[in-house]
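The following pair of complexes shares a single chain, chain A, combined with chain B in the former and chain C in the latter.
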Partner chain A sequence: MSALTGATGTSAHGLDDATRDALAELLLCMADDEFVLGYWDSEWTGIAPLLEEDVAFSSLAQDEIGHAAALYELLAGLTGEPADRIAYGREVDGYRQAALLDHARGDWAFSIARRFLYDTADAVRLDALAGSSYAPLAGLVAKMRREERYHLAHMHAWMVRLACGGEEPARRLAAACERLWPDALAVLAPPAGERRLLDAGILTESFATCRQRWLGELAPLFEELRLPFPFRPAPGASSSRARPAGAPAVADAGQPGRLEPTFPEPGPEGRTRHNDDFRWLWGELTSVYRSEPGATW
Partner chain B sequence: MSATATAELERRVWDALAEVPDPEIPVVSVVDLGIVRTVEAGPERIRVEMLPTFVGCPALEVIRQSIAQRLAGMARRVEVEPTFAEPWTSDRITPDGRRKLRESGFAPPGPQPPEEPAGRPLFTTIALRPSAGSPGAREATCPFCGSRDTTLENPFGPTLCRAIFWCNACRQPFEQFKAV
Partner chain C sequence: MSTEGEPMVGGPGAHVAEGGGPPMSLEIFEVFRQEKEGGPMVHGGSLLAPDGELAAHYARELYGRRQESVRLWVVKRSAIHDVTDPDLLQPPMDRSFKKPVGYSAGIKQKLAEARERAGGQE
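Now for the complex of A and B:
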């Protein structure tokens, strides 16, 4: 991985320790999300259902692992630990990707559903970082958003194609969504130290607000495609009298009108407890690094 | 070093950079592609800032080394630094670069999609056959016969920066440098 710098004139040194730690944790979560997804994507190389998708998923994998590399570099700038060691030198329980990304690639519908849920949540997250006061991150995010919109458009096209593609594709896609929704919520679970990130302007929207925007935008599509959408408006929804006069109309956690899951809200271990699929992948993707730790390849 | 001498050195650096080919599409140089952001030149140090075309571009290190090698000896120290301080966009490809792309069978990118505000709709559909004003339309003119009657085959091509099209007029596939 090559050293990439962000905008000149801004450095981590302007941050107090607690804010720097919160930023480091956020970067690690984002980097691990992209890193692990990139590896699962790469598994389709050579065996995707269409030649075009062999190419597409290989390209997606390269993009995501590239994003991860750049995020690990930002993190290395904060902590002083080499990016390669962060990426490959951790024990399996040290990874912080969301539970959504732990699953093996599954069948094609599963891969598409997982990617679509991730890409949409990630797009909202990137929007909340586009105006970040931490210039190196804002610069990288501006570049990532331009690439991610290709991914998102491609996944959206596949969601429609499978949902409208006859009984079996629609059934498989619905089953994948059903299974993945609870784990998808982990992508936008509030990061540790979120308050500090918001106060410092590093993050410009709370993840609770991000989650409401994400669900709000997906609701009509899932209804149109007749796919599972296990959320309902919180009690008191759409009754404007429940909102005190002058209060902002933005849906947010704790406000009526917000969408809440019809299943039990997942616990806080969505980024810390990993399943056997990921344990297997970790063994694969770290095997070369572990064969000679610290070597330059 | 006088101001004139500095300007002269900077000009020679830009001329040298114009001879550094892109490793994936060698008909165009790093200057044609707009990868070079800034050049600071003095007898002690030359510093070049470069903008990666894609975050995960695997050619980045090769480009960095090619630039450093080409400039070696022009100052005591040569620094080549990639940066994301501003995003590289396909609008940075020069008119000369577009002509060279076309002549070697690559459709140059269409206009760069506008900077998207943070509150934009999350997804737009990429139209396979663009019509005027359709959201996410991707247009390409066939570099072989000049027809605009083309269809997007795959937004993902053999490298991160290329998409694959089909020309309905001369019935040939071709690649377009992606508009990003």
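Now for the complex of A and C:
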């Protein structure tokens, strides 16, 4: 991937090559997640269920593309490749968004479910980067978290309204969750070079731990809303491991009590194998860039 | 995360949800905004929302997403006491004496007459 083949030797950021490449890969995954979600959600502009939501949802989509732009810039500073070329100049196979973000927008419930699953997973990922030793990333994450908190509240409001909004919205929302859960796990699949990122303090929590925190926080809500939650505690989990009321169920991966999917664990290609929905979107979102590569707009 | 919404009750502007589902009942909210700390709350406009929580979100998007506000007040229009009675606001009698400047009816004429009587002894 072109974004990862920057200069060799000592990095200007005091990172060795392998650590810098691992950081670049992480940044690319995060940027592509935000970028692709922003494009999908912007498709609701003009056709959202009500005018006010139309404005709000479009604004949220713009926020995500803004986050992507900031992350691509960070990546550009690391590799020397221009941010625009990273964003628009790759072939389909070069994109690294999670499988969750490959799906077309679907119906309103599908877009809400996808966005809620993504925003909640992204929130725990950002938590694990807020104290990053890589100062430019820690600084950006601090800003992103302030916006994502609001995005999350907005999505939560819609999850509750659809789940409690009568038979059809609840049915559509449940179907969307059912369909999306396996692909949602790809958001927190451990990044390549995670060990190096942890050792360097760039990442302060493993993605396996992030995933447990994410699922632990979502479990009570999905139970309350009677939505599919296809996970169960790992064998050997003790129900007597009570936690204080209100505290999130935190469990380290590999320990009893961790939540495991009731479906087969998705393979490692969750960020590398893209579907036809995304191929179509890629054609759309890169069409202007490809019409005159390298042009200044 | 935020709290559960209030029940969606019927009201003005009921919309039909996408997909032909049950109508989504919307209410009108009025939005007041403050441009800078200490400034007055000025009416920004109105919006439709199913409840106060989403109304606050929409107010942010419509009247605050470009950082043009430091505070918003989002109020159900139905909570506003609308006072338009002309007997209260535009009484038929001359009440100009209640204005800060005092009597206004014929005040110029009276002043002119007073000057005349004084015979220019100013």
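Quick notes on this structure:
Methods note: the second predicted complex is superposed on the first by the 273 of 297 C-alpha atoms of A that agree within 3 Å, B and C clash if a C-alpha of one lies under 4 Å from a C-alpha of the other, contacts with A are read in each partner's own complex, and residues count from 1 in each chain.
Everything that follows uses one rule, which is that a residue touches a chain if its C-beta (ideal position, glycine included) is under 8 Å from a C-beta of that chain, and two chains touch if they have at least 3 such contacts.
Just so we're clear, the structure is a prediction, and the values are computed from it rather than from any experiment.
With chain A as the common reference, the superposed partners chain B and chain C clash.
In the superposition on chain A, contact is made by A:Ala69 with chain B only, not with chain C. In the superposed model, A:Gly166 makes contact with chain C only, not with chain B. By the document's definition of touching, of the two partners only chain C reaches A:Pro49; chain B does not. In the overlay built on the shared chain, the residue A:Ala142 is in contact with chain B alone; chain C does not reach it.
With both structures placed on the common chain, the touch criterion links A:Trp108 to chain C but leaves chain B unconnected. By the touch criterion defined above, A:Cys29 reaches neither chain B nor chain C.
After overlaying the two complexes on the shared chain, residue contacts for A:Ser59 are found with chain B and with chain C alike. In the superposition on chain A, no contact is made by A:Leu285 with either chain B or chain C. Looking at the shared chain after the overlay, A:His154 reaches both chain B and chain C. Between chain B and chain C, more residues of chain A are touched by B. After the shared chain A is superposed, the part of chain B among 5-13, 77-85, 113-121 or 149-157 that runs into chain C is 149-157, by C-alpha clashes.
Counting contacts by the rule stated earlier, residues 52, 55-56, 59, 150, 152-154, 156-157, 160, 221 of chain A appear in both its interface with chain B and its interface with chain C.
The touching residues of chain B, counted against chain A in their complex, run 52, 54-58, 60-61, 64, 81-89, 113, 116, 118-119, 121-126, 136, 153-158, 160, 164, 178, 180. By the touch rule above, chain C contacts chain A in their complex via residues 1-2, 4-5, 8, 15, 17-19, 21-22, 24, 26, 47-50, 53-54, 57-58, 60-62, 65. Interface residues of chain A, counted against chain B in their complex, comprise 2-8, 52, 55-56, 58-60, 62-67, 69-70, 120, 123-124, 127-128, 130-131, 135-136, 139-140, 142-147, 149-150, 152-154, 156-157, 160, 204, 214, 217-218, 221. Partner chain C is touched in their complex by these residues of chain A: 49-53, 55-56, 59, 107-108, 150, 152-154, 156-157, 160-161, 164-166, 168-169, 172, 221.
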